[in-house]
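Next come two complexes, and both contain chain A; in the first it sits with chain B, in the second with chain C.
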Partner chain A sequence: MSTSEHRNPRPRAHRTEPAPDGPPPVPEVSARALARRRRREALARFAREYARNRAGLVGLASLLTIGLLALTAPLFVDQAHLTITGAPGESYQPPSWEYPLGTDNFGRSVLDLVVWGARVSLTVGLLATFVSVTLGTLIGVTAGHFGSSGGVGGRIVSAVLMRITDWFLVLPTLVLAVALAAVLPRGIGTIIIAIGLTVWPPTARLVRAQTLAVEARPYVERARALGGGHAHVMGWHVLPNVMPVVLAQTTLLVATSIIAESTLAFLGMGDPTTISWGGILEAARTAGAISAGIWWYMIPPGLAIAVVALSFTLCGRAVESVINPRLRGQS
Partner chain B sequence: MTTTPTEADEPSGAGTTDVPAPAGPTGSGRAARVLTYVLGRLTTAVVSLFAVIVAGFFLFRILPGDPVRAMTEGREVSAEQREELRRQFGLDQPLWQQFLDYAAGLLRLDLGTSFQYREPVVDLILERLGPTLLLAGTGTVIAALLGLFLGARAGWKPGGRGDRVNTAVALFFWSVPTFWLGLLLIVLLSSGRGFMPGLFPTGGMVDPRASGTLETVLSTAQHMVLPVVTMVAVIYAQYLMIMRSSLMDEKGADYLTTARAKGLRDTLVRRRHAVPNALLPTVTLIFLNLGQVVSGVILVETVFSWPGLGQLFYSGLRVPDLGLVQGLFVVFAASVILMNLLADLVYPLLDPRVRP
Partner chain C sequence: MSSLLDVSDLHVTYSGSAGDVPAVRGVNLSLDPGDTLGVAGESGSGKSTVALALLRLLPASAKVTGRIMLEGEDVLRMKWGRLRAVRWVGASVVFQGAMHSLNPVKRIGDQIAEPLLVHALVKPDRADARAAELLEQVGLPASRLRDYPHQLSGGQRQRVMIAMALACEPRLIIADEATTALDVMIQAQILTLLERLVDETGIGMLMISHDLSVLAATCDRVAVMYAGRIVEQGPAKEVVHEPAHPYASALSAAFPKIGDPASRLAPRGLPGDPPDPSDPPSGCVFRPRCAVAETVCATVDPPLWPVRPDRYGNSDRHAACVHVGPGEGSGDGSDRSVPHQSSSTEETSR
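On to the complex of A and B.
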């Protein structure tokens, strides 16, 4: 700042010639560039800390592999082979070179089904998590902010929000999600909403606690004294400081959402026209493959769910241990 | 002590707690405080129950638009049948009247009629309550004992090998979908395929050929093994994690140093001094997690065709029989709320620190 103030009043012509005894030309550093550099450094520090957690790295590697596989699935899976009429093989063929994971009751390759199912399962898991994290963060920040600095009216809003959160927290999540999925029209959107609307309460509680901690800091008081309104304090000071907690929670929630998706699909709430891991298991059960002992039909999709859920959990715990040093060495 | 009364109360989920005023031990003041506490908890529970009733109405009467069309979609139903259903649901009346009828019915324990079984929902539920309580009760008790035992071990030496193995196993079971674990057990142990003989039945609760009390009991026990194992595997992990962190909180407490200074062996310090105190906050959390037990029961009963409420719920979903699903929704939610109320009322008896 000071250098530019010195230089600005000077005529342009002087600037091109190096001043013999003036200050050496300093590369212009704006506040924004500084902030960007600080953020880059923080990110690098985060990556370094994260890399120390071996379980977190394993989780990350497995997620990247599965994500890549899901994205590139159309390149090596023939979609026509995934329809009942276009099935290439015989019914219930055990694993072989041609069908590494055998075939289902229609003769479709189970490996193809599982690879293709990753697309729906991951999409639904991520979107449902997005819905619930957004909802939980909004409710948590609002409840926390107005609970600590909103006067009587604010405290009432906060108390009501937390009562609602507690009510949702106590209710059986699955029952609520299934009920929602049962009364809304079938489809992926319904599943996302049903999961998103039921798994947010823990996030809201966590975010509220973090908001209360942030609001107690002096710089928030300073901002308020300078005339910062509710929106300013919440958006500018509280939200950025809550984000690390939200990030860890998000990673953990994806695991929950993916399991929830498979559960809803297994209970027959899914869209019968799409292939998801839970849907494959439901099909296996209704086709009687379970009691017939067709293990190659039901083990791969379930294992896929478990691996993805476990990977997200490992990543989430690694993120948690980076942002909360108190947890380090315990996980 | 690390747990102050308000902190221990926080997980109970009841929201704001009246912090007891530090009054002297006068008899009448204490009675008044206890009364305030009990009344406060009762009010919370009643408000929650009312919210469940409203949610049930909103979910099943308003959200689907026309519940009768939702139920009869894609099946042969005559116009008269549809009218009959409409009248049964009271759809010919204004919305507020519908709500009042529905709420008044609930107070009389009338949960409506099942479209699929053509029977009052209450009768269906009462018929199947026993099997569910048997399965859920056995599963929860075993899971809680196992989780608390392993959690106490893991939390005593955090970072040790036992802790890491325990946590990893618990995390794995937590990541596995309940229903898939059940399916896996059926394929491995009861389908009789491959090298394993069919050790256990694939479903049901009792062999219809069993006669006499002893044979029935034995057959039920055999049918129960796989469902109970599935339930325990999925829910013990959370008890383990809760107990582990609770014990870790307790570990730095002064009274443990005292106990050690007395020369007690490590196991004794853990068993007699640390674990009882760590158990207390765990109790509320166990009750708070009952919702997950309900979810577990629904899936396990579905997978193993166990003739309980969970399977009834599933059969209602497949139709879909909205009257039955609505009734079960209210029953599941209400039972969880009542169990939490019970925990709130019993907890002060167990832990003098939070006594009002």
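On to the complex of A and C.
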């Protein structure tokens, strides 16, 4: 019964030294610096990839300009001139050196109005996007997680959530937003909630699909094997892996939200005391600027909406193409 | 009986659209602390299903019956909260794909500390130090803590998985094809590491592999599974080198032996495929592929008989074959099954 010759000799060969199969240990001090350098390099790589997308750069530049203008507006726009009583000029003055974009029916500078309007439009657009992305991500991750690993009860939760999503998806967004804005008290908060509650379903679907893909990875099974609960798996494993998709979706959604805000304001659902691009358009319509041929009252805010929406879309596409290598070289 | 793990009459049935598929049909296993038990078998023999059933990690469509006593507690009857507490603290798993069992967006230090924090065994500010200890225990420098999985080689990642399995100081480690995807050099290192850890800490290890030579080298005892059942079980060397069951002998013969030209010149594979688990053949499930099958095999589904029992009928080796069973000591055609009658002399000579 000589078993030793049959015994697999492989493990014996290395028994003397359990050699670490890595490079020699790096001193502890430099480890942190190394990590920081790696992070910097990763950021630089992202910037390089992004810069390769010409349209994305244009979008970013225009966004930065508009953002800067909106932030610094109080420095060069006199707020008193934006009130009807404190209007500096005559009504309907055509563009001139003093008023580059002319004046409105009250004699306010349209340029000042448009610059000031950027503040509300951007704020509402960003906050509404934040609300809807948060909602969509929560619902998407929950539905995806319980749908794939929650047993029968989980599948019911998932199905119910997705049917709710479908219901919101088939409901005309604008009608729902108008109804919400009409029911809730007037104000910027209402507009943000009305938009946030209506544009989340596509995000939820997207995030759910991504969650299902992540849930199928072995490290999620490992996380459950080591005793991790639902919250741990969703928050620690799924969410970080879903974030890139959410980021790209966010930039794309801002454009939608800004247009939705302008639409609501144009339909008179906005706060009449604040100046936003949609509000300017509405004021121009009620003042009869269209039939009077006062083009400088209508076109600037409309263009501003189009430019901001386009810029966000361009940025979103650029981010998406960096994150998703399959899209690289397209667009 | 205070064994670490005691599985009796474990059945796992997957219910799908095509009806119920029994994947595991009555498996008995037991493991003492400080022991290593190997489970061998080809793909689809149910060995991984057994491993996952131990911690109830199977999907909801799998129906598990029987008894899984982990340190005297029945895993199958645990409440959800208790089960979560037992996972990793009572028994941990080294999964087969180290490549994919690590989250790509988390640092390995955080992932090693993950079970510690999930079970609240250390304070968050101590977690890094403990992770560093664990990493050094598996032969990696602590400076790799802040690395991401993609910065590590396959062997290093498997070491990280082992460090993670050790994190909560479990009494049982289930290594599910832990070395399968690695090349032989790294495989040898990982096996040495696992052996060392079992020796040092006195934990029990259940090692699952299709590679009988790996099991022979690392395990004290080996169980060979075929079509959801254990067909042979016993001390590793004996099972590998003089198997009693024809399937075990075919599995053993499938590996060429170094320094034995005869095995090179006469490759011995096993013809045919494993049976369809939803429609197993009558009698012994191995019969259609068995070289020494007899007519009786079509009707008798043999239980595990003691191989070469002592005068009290006990043996530390069991095989499920009519050639081994009592009263069937003809040994016809099977050169490996030792005739029953001479077994007592064999026992005393050892």
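The rule is simple: the second predicted complex is superposed on the first by the 291 of 331 C-alpha atoms of A that agree within 3 Å, B and C clash if a C-alpha of one lies under 4 Å from a C-alpha of the other, contacts with A are read in each partner's own complex, and residues count from 1 in each chain.
As a convention for this text, a contact is a pair of C-beta atoms (placed from the backbone, for glycine too) under 8 Å apart; a residue touches a chain by one contact, two chains touch by 3 or more.
Just so you know, these numbers come straight off a predicted model, no measurement behind them.
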Partner chain(s) touched by A:218 [first = chain B, second = chain C, both, neither]: second
Chain B versus chain C as contact partner of A:299, first or second or both or neither: first
Touching partner for A:163 - first (chain B), second (chain C), both, neither: first
First (chain B), second (chain C), both or neither touched by A:151: second
Partner chain in contact with A:237 - chain B first, chain C second, else both or neither: second
Contacts on chain A seen with chain B and repeated with chain C across the two complexes: none
Residues of chain B that touch chain A when the two form their complex: 13-16, 47-48, 51-52, 59-60, 63-64, 67, 70, 158-159, 167, 171-172, 174-181, 183-184, 186-188, 190-194, 202-203, 248, 288, 291-292, 294-295, 298-299, 302-303, 313-314, 317-318, 320, 322, 325, 328-329, 332-333, 336-337, 340
Touching residues on chain C, where the partner in the complex is chain A: 55, 57, 60, 84-89, 92-93, 95, 97, 100-106, 114-115, 118-119, 139-146, 152-153, 155-156, 159, 164, 168, 184-189, 191-193, 195-196, 213-214, 216-218, 237, 240-241, 257-259, 350
Residues of chain A touching chain C in the complex: 1, 3, 5-11, 13-15, 18-22, 24-28, 31-32, 34-35, 151-152, 217-219, 221-229, 232, 236-237, 240-241
Residue ranges of chain A in contact with chain B within the complex: 159, 162-163, 166-167, 169-176, 178-180, 182-184, 255, 259, 262-263, 266-269, 278, 281, 284-285, 290-295, 298-299, 301-302, 305-306, 309-310, 313, 329-331
